[in-house]
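Every chain is named by a letter (A, B, C, D and E) in the order it is written, and numbering of its residues begins at 1.
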Amino acid sequence: MDRNQISKWFKNPGKMANKYSFHVVYFCTGCGIIEIPPSITTRWDAERFGIIPVATPRQANLFLITGYVSTKTLKAIIRTYEQMPEPKYTVAFGSCPINGGMYYDSYNTITSLDKYIPVDGYIAGCMPRPEAIFIGVTHLWKLIDMDKADGYKRYRRDYKFYRANQEQLFKELGWPPLFKDASL
Amino acid sequence: MKILSLFISPLLALIIGLLFLGISRKITAKIHWRCGPPVYQPLIDVIRSFSQKSISHGAFFDFGIILSLSSSVVLIYFLPVGDLYAMTSGGLIAFLYLMLLGPFGIALSSAASGNPNSSIGVSRKFLLALAYEVPLLLVLLTVMTHYNTISLVEIVNIQAGTGMAFSSWALVLPGIAYFLILPAVLGVRPFEIVSAPQEISSGPVAEFGGKHLAFYTLQHALQLFVGLALFVNIFLGGGTLFGLLNPIAGTVWATILGIIIFLVKMFIVLVIELFINAVYPRFRIEQAMRYLWKWPTLIAFVGLVIVAILN
Amino acid sequence: MNEMSILDPVLLIAIPLGLAFLIPLLGLVSKKIVRWIPVVGFLFNGIVALLILPHVLKQPIIVKIGGFVPPFGINLYAGSVGMLLASLIAITGFLVSIYAVKYITKGAEQKYHILFLLLLTGATGVVLTGDIFNLFVFFEILCISSYALVAYLGTRSGLEASIKYLIQGSIGSSFLLIGIGLLYGQFGTLNMADLARQIVDYTEPSVFVSMVFMITGLGIEAAIFPLNAWLPDAHSSAPSSVSAVLSGIAIEVGLYAVIRVLFTIFAVSNFFIFFMVLGVLTVLIGEMSAFAQKNIKRMLAYSSIGQIGLIVFAFSISTQLGVAGGLFQMVSHTLGKALLFLCAGYMIFRTGSMEISSLEGIGKKMPITALCFTIGTFSIVGLPPFTGFASKFMIIRAALANGELLLQILIGLVLVGTIIEGAYFFKIIQTIYFKGAHKTDNREEAPVTALIPMLILVSFIIVIGMFPNIIDKVLQPAASELLDQVKYIGSVLG
Amino acid sequence: MNILYDYIYYAGAFGLIFIGIFTMMVKRNYIKVIIGLSILETGVNLFLISVGYISNGTAPIFSNPGIEAKNMVDPVPQALVLTAIVIGLAVLSLALSMAIRLYKHFGTLDLQQIKEQRW
Amino acid sequence: MSLELLIMFAFGGAFLTYLAGKISSKLRDIFALLCSVALVVIVSSLYKVETTITLYNGFFGMPLSMRLNPMAWFFAIAIVSSSALVVLYSMSYMKHRERTDYYYFMLLLINAAMLAIVLSGDLVSFFISWEIMSWSTFLLISYNRNAALPAGIKYIVMSLIGSMCMLVGIISIYTAFDTITISEIVQHMATATAGYKLFLLIIFSITFGIKNAVVPLHTWLPDAYAESPSPFSAVLSGMLTRMGIFGFLLIMFVMVGAENSLHMGRGFFSYHNILAWLGAITIVIPTFIAMLQNDAKKLLAWHGIGQGGYMIVGIAFGTSLGLAGGIFHTLNHAIYIILLFLSVGAIEYSTNGLRDLNSLGGLFKKMPIAFLGGLLGICGLIGIPLTNGFVSKWLIYKTLILGKAPFLAFATLLGTWGTILSVYKFLHNLYLGQLPQEHQNIKKTPLAMQIPIVILSLTILVFGILPGLPLKSINAMIVSFGFTPLTVSIWGISSETGTLNMINIFSILLVVVAIFWLIFQAARKSTAVDQYDNYAAGAAIPKDKYNYTVEFYAPFYRMATPYLRDIFDMLYQKIARFTEFACDNIRKIYTGYVSDYIIYIILFLALLISAQLKWSVF
């Protein structure tokens, strides 16, 4: 692991620290959350990678969407995502957020999450095992290294698009736009 | 020495505090049969927090956390680490009051955010503080009465002559009482009621992100340091070890060794504390208050009565 | 004597008496002039009394009616006590009669003024006389005119109060007369000084029977505790101007008579402990009864009982200080209570009800009256810088001077009474100023003829309260006169 | 017998006083109370007269030089009684006139029922 | 400038203000302000003047006199300055109220009376001024009508009890020593017996205890504070209640003398020790009761009682350090409690009389000045270092700990921690947290209300950082009581057992805060968000009917409510109810039946006869 490479730390401490200190929003969106407890406890011990769950998005930099996203949950997800400080990363977990999975024709489950918030990576499977989470995280490290985990930048850039999609789904969002000067 | 400690003390305290945070995470993990993060993980977290873009609920939101951290640093100046201390003015009373300022700053800051969870957390924080202050005040008063001084430095010096405070049997009971309330002072399980991430989204710090969180983490580290160091100073004789350093007293080595002894003592206390921390679940606030007002208070009170009669 | 021939104490009795009987005649001339006759009469009386007052401080004036030498004829004894009270009566009478000019408009006006004049004549006679039967006669004048005045309005309550007063008062007069008869039977004289001289040498205890009868008889008028059942009725049902005089003058004159009988005629010494307890009891019962009242005049009446108790207590200490304090308390009670009744009169008149609750917002409606009322209550409760404080100060000083435990306990109880008194008076003040909605009623101030006496009383209260030395010069000789029986006998009998 | 003879007037006087007070105390009718009052006053007057009375005495007039002063009836109590009678009359007439008004207002003369003024 | 002029100015100013109000309200305001400022000028010009004058010999030949000494000056300057600030504040606060003439008249009269109290050189003028103060206070407490009326009655009844006790004490002194001049009493006191001194101490302690609200005698205070108009609450709590402390100083250290009053009784059962314990109880119980209050002013009122306890403990302990602490705390308390009441008053003004802690919140953005006042006020109240409250509390703690009274010290410290809880609730529920929607557009705080708040806030800091300023004149007072002087310097206090150097702490804290502020600024800039952008499990915070400040310490309420009741108040209520019952029934002896009355007459006759037979008068 390159968290022991001092030179990288000096070059860009923020990026390195972001990589090795994932604070995950511990937000139970769907059935996938059942895979989180084994991954953070004794068996798989996510903490050795610096991954710990936190209770509030203000302190987090990683958002795990664990499982299917119902319309109602989506509202909270958007809200939570917007409240996370930048830089922030989103990883969708399981097949449902990707294309709806087994709920592909459900009336109250959204089929593609990235219409509403930007997603930096997907972990496919139903359910993916904890090992898959760690693989996903290592991929995310690489993406961060290459500056390709730019979901939050996209969100800022394409805010009008996302907001339009959000408003289309929900008639009333209940909070003002996050960015005032965002352009398509 | 004082001028020197003005610069050294806070740095030392910050480093040791963060290290202790890391160590405690590591040891807890080991107790849980996990591998655990590296001991410098808290530092990474702090750096990450600094790199993030935080939100602010207004000037007072910022001011509170700055005040909190600053006052914790000032607190360090009052705390003799071995021979290292910068200020004595006001003694233990001023120290007690300054201890207050840290949580107070955080409380102001989180209340200014207007987060409901923060409010609940702050309310719990003050209640918990009230709960453990009762035995804590009794303990500190016992010590001050026993040594008939209000100066922390003097208490340490007297102990240096007589060995640890524990060796004076009159102070055994207060020592036990302090040890019982130490988790509450440090705010760790089973008294992790204030932050309680699963219940109230980290409570007071629910709205802290980015640099606010970083400051909070530093403050937390200092708080840990202060809590342990106070115990070491008052009951374990500070940076002395049964007159071991007497032959080389006054030299630089004595100072350095004193600091090391001090840190070792702190470490031992921390480890013992962690065993409790790692295996216990969390109290509810009423349970905590009831517990703290029952056994530790009783023990501390008996200790005070004994000391008062002895004098 | 020659240079002060105008300043004859007889005039104090003769002028009002004469004017009283002149009223029907003058009434034929003009209805309006009748109203001003008492004013003129008491103005004259006041001036005369105040002019005589400095003279009697050194040497009492003995007036021998018809030129008979004292033990045989009737004499007036214008000592400092007598003149103090006479001037008080004259001044109060003067102020109340000014008040009455506009206040008494209904009913038999002429008769009111006659009775009013007679009432105060009787009072003046009582305080000035040196003859015990003469005292009875004046007393009856006072009583009968007050019976009639209580019923003056002819209302249900007035009549009821009046007949109750009458029945009790007549029994009292009869007892007084029995006492006088017994005394006369034993000593064959009616002159106070002569009686006193003989009683000093008289060793048999049988004289106490007459004393007991006299005290009971006078005590009814003086409203000492178990004998005061008539007082709240009478004082609350009478027209306010009458209540002012009854509370301010009548009961105090009665008390004066009791004290005169006890001190001068019988010169009792170890009987006072009884009166002390009685006084304290009167204080407590009066104040406690007043506390629960809903009717303002009734409350004031009960408060008078309490004040009388305090005066009785002060006199029973029977030291120079105590008696002076009692006299001072009399003065301050007269001023204060007269003021309160006068204010209450117009307050009731404007609101049309005697209920305390109906006084809400009156402070806005009649600011000056309300202010006067407030100052009156402060004085009665005994708050500085008003007279009530100075007199209370003197009484407490007298009570504590001896260092007796009993006195200390009793003064404690008296102070408890004061606290209760404070509680209900302050409640009224709150009602006047602070209760009720913020009304924007027009101001309906009492007429000038009512305000002038009130303001004069207020100024008396404040001035005497701040500079009690003014009155202290009169009080000290008065007290020593009451206490010094030998001197009294000497000055009358030569 | 002599004692009784000496004090019979006193006994009578106090008897009347007692009757008067008793009447006033127990009778409910106002008129009867007034009667009691009048009996009381009569008793008092009798008492006053008897104070000055000397049995077999003469009028206190020095018309005859043979009359001794010690055998004279004391004139003062008689003067007193005269005054007292006048006063009593005044009170009585006032009381009776009030009785009329009382009846007009209350429709009764029963004093037990006329108790609006209390406490 | 002579004392006569001062007193004339004070009383005359009050009357003239009332008359000026009849002409125009603006004239009255200006006149009142000028008057109070002039008093400040006169009093401060009398600094270090010691003089005695006789006003007149009118009261039964007793000389009524005035005297000025360090103690009197200290209290006088506090009174006149607080009065000036409050008058300035009232100019805006009372603008739209009715009966303002009356309000100003009473306010100035009370201040004049307080001035006369502290300057009086003899006990009779002391008593007269005391009573003028009492009844005028009553008249002003009742000003707000409704709930204020029972509060006023409660106040005046307890006050009357106190003054009756004092009257007895004064007259007993007069009887015993034949003088009322304080300086002469001091000389005579040497000849008095210990029992008599104890009697004096106790009877005066009742009076001053009632005024200073020492615990069993405190029950008038919460209602009175809460129900009077806020500026007057400030005067009431700041100076008027503390006349009790002045009284304690007068009786303990001036009249009876320290060497007597501190050696009265033995061991625990000595006068000053019991007084100190009463003080300790006064600290703890009211402070914890304050935690349960939901009315901002009532909360402050309970703290007013509690803080009074510190002063009592300080002066009852009777060392020069403790005495300095107690007296200094009196001044400090005056400063911060006036500030707090003025801040609450500002809120009341802006929200149209709202002071319920459960329905306010988030006002710090709307009313920054009031918030500043509230914050510094509660800092002073807690005794956060660098505020004035810290210094005085430090002195008291130190006295107690080094004086071998750890239990008293424990009570005082515990009281402080209770204070933190309840005042944080005060601050939080008023100023911090969510701003309710209906208070988004509240009235602005006028300038005349802001100025006193700012001045007092600065004073808190100045006295906290440079405590030597007031401590010097307190030191002079202590010396005049016959204690050893303290070594006071401008920055604090030094003694052989530890020093307090506030400027030291201040400068270090300042530097550290500056450093961290720079770090904070250097770090990534944060985005400003509004109060509705808050994390609440992903849900949007509703804008209406959303107030979570209700029941701030709910768990504690559940635990403590059964135990934390004001038993003394309940006891007094019972006594009052019993008295009312007794009063209502005792008048039933006046039955309305004439025959009963005649029986009374006969009974009285019988009683007199039996009394004669018992005592045999003749």
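The criterion applied here is as follows: a contact is a pair of C-beta atoms (placed from the backbone, for glycine too) under 8 Å apart; a residue touches a chain by one contact, two chains touch by 3 or more.
Small disclaimer: the values here were computed from a predicted structure and weren't measured.
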{"item": "Graph distance between chain A and chain C, where chains that touch are linked", "value": "2"}
{"item": "Shared interface partners, meaning chains that touch chain A and chain E", "value": "B"}
{"item": "Pair with more cross-chain C-beta pairs in contact, given B-E and D-E", "value": "B-E"}
{"item": "Innermost chain by mean C-alpha position", "value": "E"}
{"item": "Most distant chain from chain A by Cα centroid", "value": "D"}
{"item": "From chain E, the most remote chain by mean C-alpha position", "value": "D"}
{"item": "Rounded Å distance, chain A centre to chain D centre (Cα mean)", "value": "116"}
{"item": "Centre-of-Cα separation between chain C and chain B, whole angstrom", "value": "79"}
{"item": "Centre-of-Cα separation between chain D and chain C, whole angstrom", "value": "28"}
{"item": "Chain A and chain B, separation of their C-alpha mean positions in angstrom", "value": "36"}
{"item": "Shared-contact residues (touching 2 or more other chains) in chain C", "value": "163-164, 167, 171, 232, 289, 292"}
{"item": "Shared interface positions of chain A, touching two or more other chains", "value": "56-58, 83"}
{"item": "Residue list for chain E, restricted to those that touch at least two other chains", "value": "533, 535, 537, 587, 590, 594, 598"}
{"item": "Complete list of chain pairs which touch one another", "value": "A-B, A-E, B-E, C-D, C-E, D-E"}
{"item": "Touch list for chain B against partner chain A, complex", "value": "25, 29, 32-38, 41, 44-45, 47-55, 117, 197-198, 200-202, 205-210, 213"}
{"item": "Partner chain E, residues of chain A touching it in the complex", "value": "27, 56-58, 75-77, 79-80, 83, 173-175"}
{"item": "Contacting residues of chain D [partner chain E, same complex]", "value": "21, 24-26, 28, 33, 111-112, 115-119"}
{"item": "Residue numbers on chain D that touch chain C, as the complex places them", "value": "17, 20-21, 24, 30, 33, 37, 40-41, 44, 47-48, 51-52, 74, 76-77, 80, 83-84, 87, 90-91, 94-95, 98-99, 101-102, 105-106, 111, 114-119"}
{"item": "List of chain A residues in touch with chain B within their complex", "value": "3, 13-18, 20-21, 23, 26, 41-42, 45, 47-50, 53-59, 61, 83-87"}
